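The same subunit A turns up in both complexes below, where it pairs with subunit B and then with subunit C.
Right after this comes the complex of A and B.
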C-alpha cells in the first residue's frame, strides 16, 4: 500500500463522520439554528477568512500559544533537570510541585488578567503556567529514571562530572521529555482558547465567544474548526520533529 | 609490585531501620599487571560492587584500593569498564559510541575516526559504523561496548558479567574472542561472572567469594594454558563448583528467610 493510501485509510473514520454530519443536516435530523451543516460551516469559514480577518486572529492566537509553550518548554526542561541533579533544588521545588499539580491552571486566568491586564501577557502567562508543570514533572522523572550505568560509562570515558547532565542525562531522557512536551502542546491550545474566551478584543478564542453570542453558529463552528486545524498541524509537526530527534530509537 | 591492591575493603550500607548491611567484608586481593582474574560468587555476594569500587564509581566504606600505588577516588582513563547490559549511548551510532572517549580527550576528528575504525574492525563490526545500538543484537552491542572501552587504551579492563545477558551460543563465541584479545594485548582484566566454566576458561586465577557478607573464600589458580582441552576445563570447573556450591546454597537459604 502506498503511503498516501495508508494515510487516507487511517483517517477514513473522520471523512465518514463528516459525511454523516452533512447527511444528518440535509435530511433534517439537526436543527439548523443550533447545529449548522458541514457545508454552512465551510462557507462560514471562507467568509471569515476573506472578510473577517480570520488569519489575523489565528496569527495572534498562535503567537500567544507558542510564546507560552516555548517559554514553558525552556523553563520546564531546565528546572526539571536541575531538580533531578541537585538535592537543594529538589527540596525547594518538589513540595511546590506536589501542591500545585492538581490545581486547574485555568482557574488562575482571572488572576493573571487582574495582574497583567487584558493584553497578550496575561494569556501568555496562562499558557506558560499550564504547560510548565507537566514538562517539569516529566523531565524530572525521566532524568531520574535513566540507566545509571550510562552515567558511569561517560564518567569513566572522561566526561567531567558537571557536563554529564547535559551530555548524557538529557539525551537519555529525551524520549520521555518529548512525550511530556507533546501533552503540554495540546494543553497550550486549550489554555490559549480559554484565556481568550474570557476577555480580549482579538484571537480565535474571542472570535468563538463573540460569534456565539451573536448567534452566528456557523461562524462559531468555523472558528472552532480553525483551532482544530492549527492544533492538529502543530501536533503533526511535533511528531515529525520527535521522529527526527529520536531516530535512534527502536520502533 | 601488584598493579591493583585491594586492601581490607568493606562496603556497609545503612538501611532504613537504622541497621547496617555489610555487603563486602574486609576483602584483600592483589592483582599483577597483565593478569586475568575472575571473581565468582553467589548472587548478592558483592562481586559487582567490588568491581564498581575498583572502577571508582562506588566509594569504599573502609580500607582502600590502590592502582599503581595510588588510592583511587573516582573513575579514570586507566580503568575501562563494560557492563552486563552494555550501557551504550543509544542516541549515538556505533562509530559515535566508539569515538566518544577519544573525543573527550580532545583527539582530533581524523585521528579519532581512524582509531575508532581500527577498534570497530577488531571486534568485527565493520559495516555497522552508522547503525544505532537499538538495531543491533545483544552480542553486537557488547562488541561495541568492548570497542568503546578499548579505544581509550585503558591498562585495566573491568568486566561486569559482560556475557551474562547473551544467549549461550553467542556467549561461547564472545568468550573465545575475548581470550584471543587478551592473549594479544595482555591487559589486566578483572572479570565478574557467575558462570564457573567461563571463569575457568578465561582466567589465570579465580577468586571465589562467600555468600553475604562477601569475603574472599578462596583463590584458585586455574593453571590452564591457552591450549587446554575441553576435558581439562570441565574438570577444573567441576572442582570449582564444589567449592562454590555451599555458598550458593547458603545464599538461597538466606534469601528464603527474607534477609
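Right after this comes the complex of A and C.
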C-alpha cells in the first residue's frame, strides 16, 4: 500500500464523521441555529477567506504564537542546560521553578494585560512565559538523565570540557527535549487563543468571539476550523522536524 | 543538639528555597524604594495584606472553592470517560480503528478554540466550562490509558492465562493494575490542563472563580488584587498537585516505583 493510501485509510473514520455531520444536518437532526452543517461551515470558511481577511487574522495569531514559542524554546533550552551543567545556576533556579511550576499558565494573562496593555506584546509574553517553564523543566531533566558513559567516553577521547554540554549532552537529551517542546507547542496555541479571546481587535481568537457575538455561527465554526487546521499542521510539521533531527535514533 | 535536630527541617527548607526567599525580599525592597511603578508591581506586603483581607471576608475562599469544584468535576468526567475509552480501544479492534485517528487529530489542536461553541450549546454557566475542561483533558487520558494497557508486560498475561485466568478477569486483575502507573501519569499530565482551562473559562465568562476574580481586578485597575489572585491560584495549584502526588503514592504502594521513591 502506498503511503498516501495508508494515511487515507487511517483517517477514514474522520471523513465518515464529517459525512455523518452533513447528513444529520440535511435530514434535520441538528438545529441549524446551534449546529450549522458542514456545507454551511465550509462556505462560511470561503466567505471569511475571501471577504473577511481570514488570512490576515491567522497571520497575526501565528506571529504571536510563534514569537512566544520560539523565544521560550531558545531561553528554555539554554537555561535548562545551564541548570544541568552548573551548580550555581541550579541552586538559584531550581527553587524558583519548583515554586512557580504549579501555577496554571493561563493565570498569567491578566498580569500581562496589566503590564503590557492589550497589544501584541501582552499576548506574546503570555505565550512565552507559559511555554518557558515546561521547556526548562524537560530540558533540565533530560540533560541530567543522559547516560553518563557518553560524557566519560567523550572526555577520555579528548573532547574539551566546554564543548561537552553542546556536543554530547544536548544531542543525547534531544529526544526528551523534543517531546517537551511538542507539549509546549500545543500549550502555545491554547494560550494564544485564550489571550485573543480576552483582549485585542484582531487575530483568530478575537474573530471567533466577534462572529459568535454577531450570531454568525457558521462563520464561528469556520474560524474554529481554521484554528484547528493551523494547530494540527504545526504539530505534524513539528513531528516531521523531530523525525529529521532524530533520524540517528534506532527505534 | 536538641534544638538543631528539631529545627533541622526548617533550616533545610530555608536552604532549599533560598532563592525564592531572596526574590520575595527583593520584590518588597525594590518596590518600597520605588524602583518599579507601584501600580504595576505593588509591594509584596501590600499584596499579602489585600490577600489577607479578601481571605477573611470570604471572597478568596469562595473563588478557590468555585475554581476547585469546576476543575474537579470536569477532570473527573474526563478521567472516567478517558480511562474507559482508552481501555475499550485496547480491547476492541473496531474501537481502536475508529478512535485512533480521532485522538491523533484531537491531540494537537487548541481545544480552547471550541469554547464559544460550547457556550452556544450549553450557555454561559458552569456546564460549558465543565464541557470544555472535560474535552481538553480527555484526549491525553485516552492516549495514556491506551498506551498503558497495550504495553503490559507479556509475561504477566501469559502467566495469568497459564494459571487459568479468564479474559474478563485478565483485564481487571492483570491489565488494569499493570497499566496503573502509566494511566495515573496520564491523569497527572491532564490535571494541570484542567486548571489552566478552568481559569481561562472563568476569565472569559466572568462570574465566580479565581479567573473571574483576576480579570475583574484588571478591568478595575486593582493591581494588588491581580497579584493576590495570582498567589491564591498558585497555592491552589500547589495543593492540587501535591495532593495528586500523595494519592499516586497511596494507590501505587504495591508498585516497584514507590519503593524507589521511598529510597531517595
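Here is the rule we go by: the second predicted complex is superposed on the first by the 251 of 251 C-alpha atoms of A that agree within 3 Å, B and C clash if a C-alpha of one lies under 4 Å from a C-alpha of the other, contacts with A are read in each partner's own complex, and residues count from 1 in each chain.
Operating definition for what follows: a contact is a pair of C-beta atoms (placed from the backbone, for glycine too) under 8 Å apart; a residue touches a chain by one contact, two chains touch by 3 or more.
None of these values were measured; they are calculated from a predicted model.
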Room on subunit A for both subunit B and subunit C (clash or fit): fit
First, second, both or neither for A:168, with subunit B first and subunit C second: first
Subunit B versus subunit C as contact partner of A:34, first or second or both or neither: second
Subunit B versus subunit C as contact partner of A:156, first or second or both or neither: first
Touching partner for A:136 - first (subunit B), second (subunit C), both, neither: neither
Residues of subunit A touched, compared between subunit B and subunit C (which is higher): C
Which superposed partner A:82 touches (first subunit B, second subunit C, both, neither): neither
Touched partner set for A:147, first subunit B, second subunit C, both or neither: first
Least Cα gap, in Å, left between subunit B and subunit C after the two complexes are fitted on chain A: 10
Footprint overlap on subunit A, comparing subunit B with subunit C: none
Of subunit A, residues touching subunit C in the complex: 10-14, 17, 34-35, 91-96, 98-100, 102-111, 113-115, 185-186, 189-190, 192-194, 197-198, 204-205, 208-209, 212, 217, 220-221, 224, 227-228, 231-232, 234-236
Of all residues in subunit C, those that touch subunit A in their complex: 16-20, 23, 40, 97-102, 105, 107-117, 119-121, 192, 195-200, 203-204, 210-211, 214-215, 217-218, 223, 226-227, 229-230, 233-234, 237-238, 240-241
Of subunit B, residues touching subunit A in the complex: 52, 55-57, 74-77, 79-81, 83, 85, 87-93, 100-101, 104-105, 132-135, 148, 152
Residue numbers on subunit A that touch subunit B, as the complex places them: 147, 149-150, 152-159, 168, 171-172, 174, 247-250
